[in-house]
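Each of the two complexes below includes chain A, the first together with chain B, the second together with chain C.
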Partner chain A sequence: MASPVVVAPILVALATAVLTLVTRFDARAQRATSVLGGVAYFAVVAVLFDRVVLSGPTVVPYYVSNWPAPYGITLVADALSAFMLGLAAVVGLAAVVFGSTYVDEFGQRLSYHPLFHFMMAGVSGAFLTGDLFNLFVWFEVMLMSSYVLVLFYSGREHTRAALNYVVLNLLASAVMLVAIGGLYATTGTLNMADMARRLADPAAYGVELAPTLGLASLLLAVFALKAGVVPFHFWVPAAYRAAPAPVTAVLAGVVKKVGVYAIIRLFFTVFAGGAYANTATFAYVGPILALMAGASIVYGGVGAVGRDDVDGLLAFSSVGQVGFIVLPLGVGMAAPDLTVAFAGAERTLAALGVAAALVYAFNHALAKSLLFLASGTLHATVGTTRLDRLGGLAARTPLVAASFLLGGLSLIGVPPLVGFFGKLLVFRTATEAMAGGTPGAGVALAVALGGAVLTIAYVTRAWNAVFWGEPSETVRTVLPERWRGVGAGGDAATDGGTNGGGSDATDRALAVQVTTLVALALCIVGFGVGVEFVVDAAAHAAHAATDTQGYVSAVFDPATQPGGEGGGH
Partner chain B sequence: MSGADAGAGTAEDAPDAESGPSLGYERHTTVIARTVVRVTVPIILLTAVALLLQGHNQPGGGFIGAVLTATAFVLVYVVFGQAYLQSDLLGLDTADDTHRAVEYYRWLFTAGLVVALASGLVPLAFGFPFLTQAVAMLEGLPLYGHMEVASAFAFDLGVYFTVVGGLLTVLGEVGTE
Partner chain C sequence: MTQWILAGVLGVLFTLGTYLVLRRDVVRVVWGVTIISQSANVYLVTMGGLAGVAPIGRFGEEGAATPTDPLVQALVLTAIVIGFGTTALALVLTYRVYEEHGTIDVYDLGRGLVDGADDADRDRGPVEGGER
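What follows is the complex of A and B.
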C-alpha cells in the first residue's frame, strides 16, 4: 500500500496556500495559517526523512492516481529527495516566520502567503517527482509564484529585474520543453526510472543514443540557468535585490538548489545508467560543469568584492557559492569510478562529489538565507544596506551582528561551522581526483582555493563596513542607542526606522525577525558540531543519486506497483 | 433599470457615458454587435458546460470550458459594459463605480482551488493514492438509459471554477485600470 507520507510535503504546501487564500479576509488568521503551514511542512518532511533516510535508506515510490509506472506519474522519495526537502523545510520555516512580520500588511493580504506556499509546493514537487514532464510542471508552479514574488514591490527597478527574470525563465522553460519532447521521442518514455533503464540497455529497447547527449546538454543549460551558474547568472543579482528579503532567502537558499538537484538527479541517476554513461555523458558534461563552476566562483567572488551594498554583495556571492556546489559534481563526473574511502565505506568519486555538493548546498542554504534575512532586518531598522552609509551596528544590534558574523564565517568555512565541512569535502573531491590522475583536477582545486580567499575578502569587507567601527551618521540618527527589543519583552527604546515610529508592533516584528536570525545561526553552529548527521545524510543521498539500479528496481517493484488495469477501481 | 429606455439610437453628446447611473452602452456599440452577443453568449455558455461535462474522457475539460465561459463574459463586458454586467446580470450595487464583481471572481478562484484539492484528497481517506479516480455506471435511468458518473468531474469542476475566477479577476483588474 502506498504511503501518503511521500506526497504529504506537496499536499501540505498546497493546502496551506489554498487556506491562506480562504482566510484572506482576516490578516491574523491568514498569518497564523501560513506559519502553521510552515511548521506542518517541516513536520511532514521530518517524518519523510525519518522513513527514507534514518530508518535504513530506502527508495519509496508513490503512484499518483493509482496508475502503475511508467504510465502514470510516479513520485519517488529517496535519500536525495529527503535531503533536499529537509533543506527546503528549514529555510522555508525560517522565511515564513520572518516574512509574517517583515512583509507589510497590505502585501501579506494581497498575495504574499499563497504565493509563498505555492512556491514551496513547486519546490517539493520538483524534489519528489519521478517523471520528467512532471518535473517541468513543478518547475513552472515554482516559477509562476516566484515571478510575482520578485515583482512584489512593483517599483521601477523591481519591474526591470522581474522582466529579466521572467523572460529568461520563459525561454528556459521553452528549451526544457523541447528537450523533454526530444527525449520522449528518442527513448519513448517520460518516467525517469524507465528512461534510465532504457538508456542503460539501449539495444534491448531500440533507443538511439546519439540524440540523447544533445538533449541532455539542453537540459543542462536550463538547470544551470535555474541554479544561476555562469554564463547563465545574469538574472541573479537584480532579481535577488528586487524580491522581499524572505523571498530572496528562499530563492537563494532553496529555489537555486532545485536546479542543482535536477542536475544531480538527471545526470547521476537517469543519464548515468550503464556503461554508456561513463564514457559519453560524464566525459562530455563533467568538464563543462567544472568549467562553468570555476567561472562562477571567480566571477561571483570578484563581483561580490566590488559591490557597495549588502544585498548586491550577497547576490553576487550566491553566484560564486553555487560554483562551489557545482564544482565537485563536475570533478566527480571526470573520474566517476575512482574509489575513495568516505563516511565509513568505500565509495566512488562520483558519490563523493555529490555528497560534497549536497553538504555545501546545505551550508549555503542556511548561511545565505540567514545573511539575506539579516540584510532585510537592516532594511527594516536602518532603511539602507549601502556599505558607505552603515557602520558600527555591532554596538547597536549585537544579536543581528552575531548572527550575521556566524553566517559569514560559515560561508568562509571556519570550523566548527557547517561551511567548513562543505568546503573540506569540495577540496577533498578535487584532491582525490588529482591523486587519481584526473587532468584538470589541480586547476579546479586552485580555483576553489582562490574562490575561498575571495569569500574571505568580501565577507570581511561586509562585516567591517556594516557592523564594525564607529556608528555612521545614518546609524546614529535612526538608532541613537542600543536596540534591546529581544529579551526585554519589546519595551525597548528604538526608532523603527523606515517603518516609522518605535511602536510596540514594530518592536514585536523586529523581535520575531531577530529570533529567526538567531535560530538560523544556532542551526549553523548545531549542524556544524553535529556534522556527522549532515555528512551521513549526504552520503546516503549521494549513494541514492548514483545507484541507478536501486532507483529503477524500487520504482518497478511489483510488490508496490498498483494493479495493471490502472486507475479505474 | 433595464437601460433600454436611455434614448436608443440618438447620439447624445454626454461627456462620459461610462459614469453615472445611465448604462450608456447604446452609444458605444451597434445594434448588430448587441444582437449577435445576445444570441451567441447563451450558446457559448452551453458549449462550455458541455465541454466541462464530457471532459474526463472526451475532448474538453474544466480548463477549456472555463476559457469559453470567460469569453462569454468578455463579450458582455466589451459590448454592454461593466456597469450592465454588474447591475443587470449579477445584481450588484454599482453606485460608486467600483468593480465589485472582481471580489466575487477572487472567491470563485479560491473555491475552485478548494474543490480541486479536496477532490484529490478524498481517495486518501479510502486508502488510495492522491488523485485516484473512480467511475460508476448507472443503468436503466429514465430518458438517459445509461449514464457514466466519474469522480474526475469533481476535479474538473474545481479547475473550471479556478480558471474562470482567475481569468475574470485578471480581466477585471486590468479592465478597471
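What follows is the complex of A and C.
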C-alpha cells in the first residue's frame, strides 16, 4: 500500500521552485510556471486527499529509497496530513495567483516565486514526514524561505522585523535540535511510529520515561513559537506587517498551522501513550497548553482592538485566533478519555478537541488569508491601511468590501460560514469537558466567550473604519469614484496614490486580485454551507491523530515494508 | 571521564551563547545564536555514546565490542550545513539592519519600533525606487 503519491506534493513544489528559477528571464513564463505549479500542487493534494480520506480513511506510508521503517526516513500520509495539505493547497493557490499580480515585476523575477514554492515544499514536507529529524529539516526549508520573504522589501521596518524573526527562529531551531537529540538518546529512535511504540511500552524497549517529559516540553515551546502562541508571540505582528500581502496570507494561513500540526502529531500521536510517575503526558501538557491558549486569546483580542491599521489589527488577531485553535487541544488533553458523541460515532474528548482545532484552523486559514490579501489590495489601490485615513470604501470597491465582510464574519463566527462551526466545536469541547467535571474547563469556556466578543469588537471596528461611512480625504483623492475594473477606461482612477500612472496593466492586476478575494470568500460560504464535508474530514483527521496504534501498525505493516534485510538503494 | 569533561564544556558553551544572545549589540547576538547552535551540535554528537570504536568496519578490535552510533554524526552534518546557511543570512541581515538604521544596538532598534508604529505609512509596498 506504500505509494509514491505521498511524496508528490513535496516533489511538485520543489520542481515548481526550480522551474521558476529557470524561467526567471521571461517574466510571463515565470508567472505562468508559478501559477501552474500552484494548480498542480492543488491537484496532487486532491488526489492524495481522495486516496487517504475519501476512499476510506487509511494511513499510507512511503519509504524513502526503499529503506524499511525504523532505519530509513519514512513519509506518512494519513487523514491529518491530508487535511493540513488541503488547507495549504487552497491558501497557497490563492496566494500564488494574487502574488503574481501584487508583487512588483523586479521582485518576482529576483526571488519571489522560487522562495514561495520552496516554502510550500517545506510546509508539505513537515506535514508528511514520519521522522523527527526530518521534521526539523523541513522546518528549516520552510523557515529559510520565509526569512527571505519577510525581508523581501528590505526597508527599515522589514529588516528590523526580519532580524527579530530570524534570531528567534534560530534559537528555536537549536532548542529543537537539543530536544531531538535527547529523544534519540532516551528512546533510541527518530522514527515517530517507532518512538510512539516504544513510549507506549517503555518496559519492553528499556526506555526511561522521565527525561522525555522535559524534552517533550522543549518541543512544545518550539512549536508554540512557530504557531505564535503567547508567550512566544512577539515576532508575529512585525513579521506579518513586513512581508508582502500574499506571503503574509501564507504565513498566517499555513506556516502557523505547521506549528499546530506538529503539536497535534507529536503530542496526540507520539507522546500520547507515555506516562510519567503514573500520570499521563496529557495531564502535564494539557493545562499548560490551555493556559497559553487563553493568554493568546486575550492578548491578541485586546491588542487587535487597539491597533490603528488593518495589517496590525489582523496580525494581532492572528495571535488571538491561534489561541482558539490551541485551546480545544489543551482542553482535550485535560480529559482525553471522556467519550462524546460526535460525527456519528462515540469518540474521545481528545479526538473532539483535535477536530475542533482543525475545523477552526481551516476557517482561520481561509478567513485570515482573505483578510490579509484584501489588506494588500487596499494598499495597492489606496496606498495605506491606516484606519484613520480610510473610510467609505464600500461604495468605491464593493467586491473587496463584500469579501472583507465575509472573511470578518467568518472570523466572528456567523452562521452559515465555516467560522461558526469552528467556534461551535471549540465551545462544544469546553462544555463537554465541563460536563465531565474537568477542572478549569469553565474558565476555558469563559475565556473563549470573552475572546469571541473581542473578535466582534475588532472586526466591527475595522469594517466601520475602512468601508463604512463617508469616504475619507485620502480615499476621495485616490479613488474619486467607483473602481470599475478592466475596460473602465481612464476614469477608473487607479492612477493615484502609489500606483503611479494607472493603466490597463494595473487594472488587470487589480481585477485578478479582486477575483482571488471573491473566490476565497465563496470558499468560505461554500465550505460553510457544505460544512459536513469539512467536519467529516476533520473527524477522520482527529481519529487518525489520536489512533497511535493504527499509525504504528500502518508504518510497520510487513505487507508494505520494503524487502527485509538492508532494503534497496 | 570524557563525558564529564564534555558535559562541562557543553554547559560553558550554552552559558556563553545565552550571555551573548542577551547583549545589546546585534553582532554579539548573532555570535550567541551561532555558539548555541554549535553547542547543540556537540550535544547531539555526545548523544550517540562515547565509549564505542569508530564505526568503520573495525568492530571487535581495540577491545570495544560495539561501535559508536554513526547516525548522530549524520544528523550533525545536516545540522551544520543548515546552521552555516542561516548564520550567513543572519550576518548579512545584520549588515542590512546597520545600513537601514545606522545602528546595531538592540535598544535603539526597539525604540524605533515603538516610534515607527506611528510613522505615516510603513512601506508595505516595494521600497522607494522599486518598480510598481
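We take it that the second predicted complex is superposed on the first by the 546 of 569 C-alpha atoms of A that agree within 3 Å, B and C clash if a C-alpha of one lies under 4 Å from a C-alpha of the other, contacts with A are read in each partner's own complex, and residues count from 1 in each chain.
Everything that follows uses one rule, which is that contacts are C-beta pairs under 8 Å (C-beta built on N, C-alpha and C of every residue); 3 or more make two chains touch, one makes a residue touch a chain.
Keep in mind that this is a model prediction, so the values were computed, not measured.
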Once the shared chain is lined up, is A:Leu170 touching chain B (first), chain C (second), both, or neither of them?
second
Of the two partner chains, chain B (first) and chain C (second), which one does A:Leu213 touch, if any: first, second, both, or neither?
neither
Under the stated touch criterion, which partner chain does A:Thr159 make contact with: chain B (first), chain C (second), both, or neither?
second
By the touch definition at the top of the document, which applies to A:Ser65: first (chain B), second (chain C), both, or neither?
first
Once chain A of both complexes is superposed, is A:Val178 in touch with chain B (first), chain C (second), both, or neither?
second
More chain A residues touched by chain B or by chain C?
C
Is A:Ala295 in contact with chain B, with chain C, with both, or with neither (first, second, both, neither)?
neither
Where does A:Ala15 make contact in the superposed view: on chain B (first), on chain C (second), on both, or on neither?
first
Could you look at A:Val7 and tell me whether it touches chain B, chain C, both or neither (first, second, both, neither)?
first
Residue ranges of chain C touching chain A (in the complex, touch as defined)
21, 26, 29-30, 33, 36-37, 39-41, 43-44, 47-48, 71-72, 75, 78-79, 82, 85-86, 89-90, 93-94, 96-97, 100-101, 109, 112-113, 116-117, 121-127, 130-132
For chain A, which residues count as touching chain C in their complex?
104-107, 133, 136-137, 140, 144, 147-148, 151, 153-157, 159-160, 162-163, 166-167, 170-171, 173-175, 177-178, 180-182, 184-185, 190, 238, 241, 244-245, 309, 311-312, 376, 379-380, 383-386, 498-500, 506
Can you tell me which positions in chain B touch chain A when the two form their complex?
106, 109-110, 113-114, 117, 121, 123-124, 127-135
Would you mind writing out the residues of chain A in touch with chain B in their complex?
1-2, 4, 7, 11, 14-15, 17-18, 21-22, 24, 62-66, 562, 567-569
